[in-house]
Structure formats: C-alpha cells, structure tokens
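Note that chain A is present in both complexes that follow, paired respectively with chain B and with chain C.
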Partner chain A sequence: MSPDETAKELVLAFADDELCVGQNHSWWIAVGPFLEEDLAFSSIAQDELGHARALYSLVSNDVDRVAYGRPHSEYRSAHLAELLCHDWTMALARHVLHDLAEEIRWTALLNSSWPELKAVATRALAEEQFHIHHGVSLARRLLSSPDGYTRLAPVLSELAPLGREYFAGSDVGLVASGVLNASLADQERTWMERVEEVFDEFELSIDWGASRPSQGRAGVRSEDFLALHDEMVAVLRIDPLATW
Partner chain B sequence: MNTYEVFLKKAGKEPFSHAGSLDAPDDELALAYARETYGRRSEGEQMWVVDRTAVLVGDAINLAMADRDHRHNDGHLVAELRQSDPGHAR
Partner chain C sequence: MRITDTAIDAVRVAVSSVTDPEYPDLNIQQLGILEDVVADSASIRVDLVPTILGCPALDVIEKDVVAAARASGYDVTVRFCMSPVWTPDRISEDARQILADEYTVAIRPREGPTKCPLCGRTALEPRSDVGGTACRSVEWCPDCRNPVEIVRSRQMGER
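Up next, the complex of A and B:
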C-alpha cells in the first residue's frame, strides 16, 4: 500500500469505530438510567456519529454509501466498538475506554500533514474533553461505592484488552510522512497507561493479553455487528432515497 | 442524588437567568449534565450551577414590602398635577 492508501485505511477504520459506537450509544436514547444521563449519553452518541461523518467525508464523496452500503467484510471497526451494550455497566465501560482511546487518536492527528484531517481532529478533540469528563466522572463515582465497584470493575477489566484493537492496522510510512504524529504502537502504550492511571486508586486487575486483537481491522466482523448494522440501515432498506 | 439549579448568561449585558434544575450524583457530574441539559445549543456563554441546599429561600417577612405603593414611582401623580395646573408646574 502507498502511504496515501495507508492513511485512507486508517481514517476509514477510525470512522467505522465512531459509526459503530455512535450507533450503539444511541440504543440508550429514552432508556438511560436517569433523565440527565439519558440526555448526556444521547448527545455523546450524536457527537460520535458526527466524527464518523467528518472522517468518511475525507475519503469519500458519498458518505451514506460508505457508511451504510459496504459489504460487511469491508468494514474495519474494532470489535469493542461493535459490541452491543444493552447493559448499562457495559455501555459505560465501553464509553470510557473508547473515549480515552479517542483522545489519544485525535491528539496524534493534531499536527497532521493532511490539513483536512488535522482540522477534523482539532474540532473533535474539543468535544472529547467533555466526553471524558462525563465518562470518567461517572465511572469513578460508581467505582467508589461497593455495589458500583462489584458491577463495574469486572466489566472494565474484561473489556479493556479489547480496546487494544483501536490501535491495530498499518501505520507504515505515516509517521515519516507526518500524517500521524505518533505511531499506533506508541498511541496504544499511552492509552494503556492512561487507563491504568485513571483507575489507579481502584486497583482494577486488567490483563492486557500478550497480543493486540486485530480481526475487526482485518475485515472479520464480530457476532454483534450484524444486528447493529441491520439497525443502522433499517430506514435505508424501507426507503433507499430517504434524506434527512 | 442532589438537586442543582442552573443559570445561564448570554453574551453582552444580559444578566444570568434561571435555566432550570437537574439531579446529579455530585458536583462534577452536575456540571456535565447542566451543559447537556440546558446548554447544548449554545444557550449561554457563562454558566452557574448551584447546589439547591445552598440557596437561601426568602419567606413572607422578607417579602412584606408588596403593599408600599409609594415605592412605585411611575410619576403619574406629578403628571396629573401638571395637567390640572400647568402654570404651577412651570
């Protein structure tokens, strides 16, 4: 792959992560644990879809087609992003892990030599501060209570290693060309340290595993993707010409 | 959960005004929820979030001024005088 193609693949994978997480978060609209959280989480869902749209538009002139119309094997999303979280504990844990990763991924694009990508990153990172404030505050609050700890700590520890896939894929030539300001391996290390630092006082026992999962990046879809994608394209199937 | 009162101020000389209230588990989350509940369409450029228990609530004694109509200086008495006796008012 040429550096340009590698850069496009990186953007596409990032966009697919955002699309899946945005769609997944939106499942909680109107059924969040309490009204204020419902509003906040729905708003974050919308932000993530906005990030997906901005990233897709860098690699395609037909955002809807690239977002909804590809064969499943052409999606590049990490399996953690695809995970249906119909349990609030899981939804919150994935939200925190995902947004901590996002912050690092956007930061690595903040001085990108790809100007449009740099602009998207600058805008998205501003929203990310709020997402992290929200997710980390709520998670830490829950971990501070015995009941919350019993429920959330094991889920966070279980899901954390899956988040390593956010840093899978090729970055060959991207640091040299300045598209990326940090290699995927460096970003991954920063993310793992950040997760451990955020939850340091709660002594989570995270087994990061020997290797980084990468099936999703390679085109293998998780079990949950099918249901998620069906939901995404439900309107499009009824009316292929539907517009907002 | 604690209850908080949210105030927003638009740009310029507009004063802070009450946007509404919300429930949150702590101060930190109250700020996050205030933003999403009342400020996500840029309704304000400054925000105060107040724990409702910190609000001093006035009672009837504090409000017993309502019958003092001389405090309502709308000037209509003077205006009537001037109309009935233009020479005097000049």
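Up next, the complex of A and C:
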C-alpha cells in the first residue's frame, strides 16, 4: 500500500469505529437508566456520528454510501466498537474505554501533515472533552460503591483488552510522512497506561493479553455487527431514495 | 461568468437572514455560523462553521442557504469549515439577549460571570453535563430556583 492508501485505511477504520459506537449509543435513547444518562448518550451518539461523517468525507464524496453501503468485509471497525452493549454496565464500560482511546487517537492527528484531517482532529478533540469527563466521572463514582464495583469492575476488565484493536492496522510510513504524530503502538501504550491510571485506585485486574486483536480491522465482522448494520440500513432498504 | 463584488454582497445579504432551525428568531449571521461568502472559481461559495460536527440541523441550514441565494438570483455551493472552530464567543450581543429572553438559554460572556437569564444574578451552579441538545449543558440558579441551559463552550479543557 502507498502511504496515501495507508492513511485512507486508517481514517476509514477510525470512521467505522465512530459510526458503530454512535449507532450503538443511540440504542439507549429513551431507555437510559435515568434522564441525564439518556440525554448524555443521545448527545454523545450524535457527536460520534458527526465525527464519523467528517472522517468519511475525507475519503469519499458519497458519505452515505461509504457509511452504509459497503459489503460487510470492507468495514474496518474494531470489535469493541461493534459490541451491541444492550446491558448498561457494558455500555458504560465501552463508552469510557472508547473515549479514552479517541482522545489519544485524535491527539496523534493534531499536527497531522494532512491538513483536512488535522482540522477535523482539532474540532473533534474539543468535543471529546465532555465525553471523557462524563464517562470517567460516572464510572469512578460507581466503582466507589460496593454494588457498583461488583458490577462494573469485571466488565471493564473484560472489555479493556478488546480496546487494543483500536490501535491495530498499518501505520507504515505514516509517522515518517507526518500524517500521524505517534505510531499506533505508541498510542496503544499511552492508552493502556491511561486506562490503568484513571482506575488506579480501584485495583482492576486487567489482563491485556499477549497480542493485539485485529480481526475487525482485517475485515472479519462480529455477530453483533450484523444486527447493528441491519438496524442502520433498515430505512434505506425500505426506501433507498429516502431523504431526511 | 466573472463574479462581481455586487453578486457576493447580494448573496451575503440573502443568506444572512437564514434562520437557525433550533432558534427560529435568530439567523446564522447572529449565531456566528456564517463565516464568509467568497468567489470560488466560477461559482459563489458560502462558508459555514458548524456549532458541533454532529449537529443534525446542518443539512437543513445548507438547504436553506442554497434556497435563499437562489431566491436572490444566485446559485451557490456550501462548505462547512473545520476551522475556525465555532465557540459561543461568535454569538452576537443582540442574539445573546434574544437567547436569554426567548429561550432561557445563557451564553458565557467573554468576560465575567454568567448571568441567569431569568433573574440576572450570577450564582449559577452546574447540574448536568447535558441539556436538551448536544450543544447545551444545564445549570441551576439558586436565587430564582430555575434550571438554566448554557451553550457549551466545547473548548479544550472547558466544559
């Protein structure tokens, strides 16, 4: 792959992660455990879909087609992003892990040599601040109570290793060309340290595993993706010419 | 066709009056969404700054801008700019007053404390990171005992 193609793949994978998480978060609209969470997930879902749109528009002139119309094997989303998380504890854990990763991924693009990508990163990172504040502060509050700890700690520990896939894929030549300001391996290390630091006092026992999962990046879709994608394209299937 | 300054000015006037779907009393000029109207090779381009990237009103605003320009006799293209980043600082003073009076929405002033749009006092306390839309958070006025929505700054390190 040429550096340009590698950069496009990286952007596409990031966009697919955002699309899946945005769509997944929106599942909680009207059924969140309490009103503030309901609103928070709706707002964050909207932001993530906006980020997906901005990223897709860097690699395609037809955002809807690239977002909804590709064969499943052409999506690049990490399996953590695809997880339906119809259990609130899982949804919260994934939200925290995803947004902590996003902060690091956007930061690695803040001085990108790809000017449009740099601009999107600057814009998106400003919007991320409240996602992280929201997710981390709620998770920490819950972990501070015995019941919350019993429920959330094991789920965070179980999902965390899956998040390593956010840093899978090729970055060959991208640091040298300045598209990326930190290699994927360096970003991954920063993310794992950050997750451990945020939850340091709660003594989570995260087994990060020997290797980084990469099936989703390689084009293998999880079962959850199939259900998620069906829901995403339900209206388009009924009426391909529908306008919003 | 050469694009004249007269044409640019006419488009600027026409699209300035396009209103925001969420605040129909305010136009995109007052809200700081309209960045510029420029000659772009053979056509006229309207540059808009989205308040947030995921704003669902963007498509509506784009359509309304194109229609308003068309009504004044010009075809335009719309570009959503990634920079500058929109902040509430871009909202005009008269729009701030309308937001307070008509929508009970407060904007953080460029200097000094944020006033309650209902009683004018300045002891607002944070209540919720999120409000009725993704661009607003909720505070509480202990003086008049009302909830108040604040347009989020979305600047790095701020809430």
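Here, the second predicted complex is superposed on the first by the 244 of 244 C-alpha atoms of A that agree within 3 Å, B and C clash if a C-alpha of one lies under 4 Å from a C-alpha of the other, contacts with A are read in each partner's own complex, and residues count from 1 in each chain.
The definition used in the following text is that a contact is a pair of C-beta atoms (placed from the backbone, for glycine too) under 8 Å apart; a residue touches a chain by one contact, two chains touch by 3 or more.
Everything numeric here is computed off the predicted structure, so don't read it as measured data.
**Q** State whether chain B and chain C clash or fit side by side on chain A once the two structures are superposed.
**A** clash
**Q** Where does A:P154 make contact in the superposed view: on chain B (first), on chain C (second), on both, or on neither?
**A** neither
**Q** If you stack the two complexes on chain A, which partner ends up touching A:Q129: first (chain B), second (chain C), both, or neither?
**A** second
**Q** Per the contact definition in the header, classify A:P3: touching chain B only (first), chain C only (second), both, or neither.
**A** neither
**Q** Scan A:R53 for contacts with chain B and chain C and give back first, second, both or neither.
**A** second
**Q** For A:F34, decide between first (touching chain B), second (touching chain C), both and neither.
**A** After superposing on A, A:F34 lies in contact with chain B but is clear of chain C.
**Q** Touch test for A:S43: chain B only (first), chain C only (second), both, or neither?
**A** A:S43 contacts both chain B and chain C.
**Q** Can you tell me whether chain B or chain C touches more residues on chain A?
**A** After superposing on chain A, more of chain A is contacted by C.
**Q** With the two structures laid over each other on chain A, which partner does A:E116 touch: chain B (first), chain C (second), both, or neither?
**A** A:E116 contacts chain C only, not chain B.
**Q** After lining up the shared chain so the two structures overlap, which partner does A:R141 touch, if you call chain B first and chain C second: first, second, both or neither?
**A** It touches chain B, and chain C stays clear.
**Q** Both chain B and chain C contact which residues of chain A?
**A** 36, 39-40, 43, 130, 133-134
**Q** Spell out the residues on chain A that touch chain B in their complex, using ranges where they run on.
**A** 34-37, 39-40, 43, 130, 133-134, 137-138, 141
**Q** Which stretch or stretches of chain B touch chain A in the complex?
**A** Of all residues in chain B, those touching chain A are 1, 22-26, 28-29, 31-33, 35-37, 40.
**Q** Can you check the complex and tell me which residues of chain A touch chain C?
**A** 22, 36, 39-40, 42-44, 46-51, 53-54, 116, 119-120, 122-127, 129-130, 133-134, 244
**Q** Quick one: which bits of chain C touch chain A in the complex? Just the residue numbers, please.
**A** It is residues 52-56, 59, 82-83, 85, 128-134, 137, 152, 154-159 of chain C that touch chain A.
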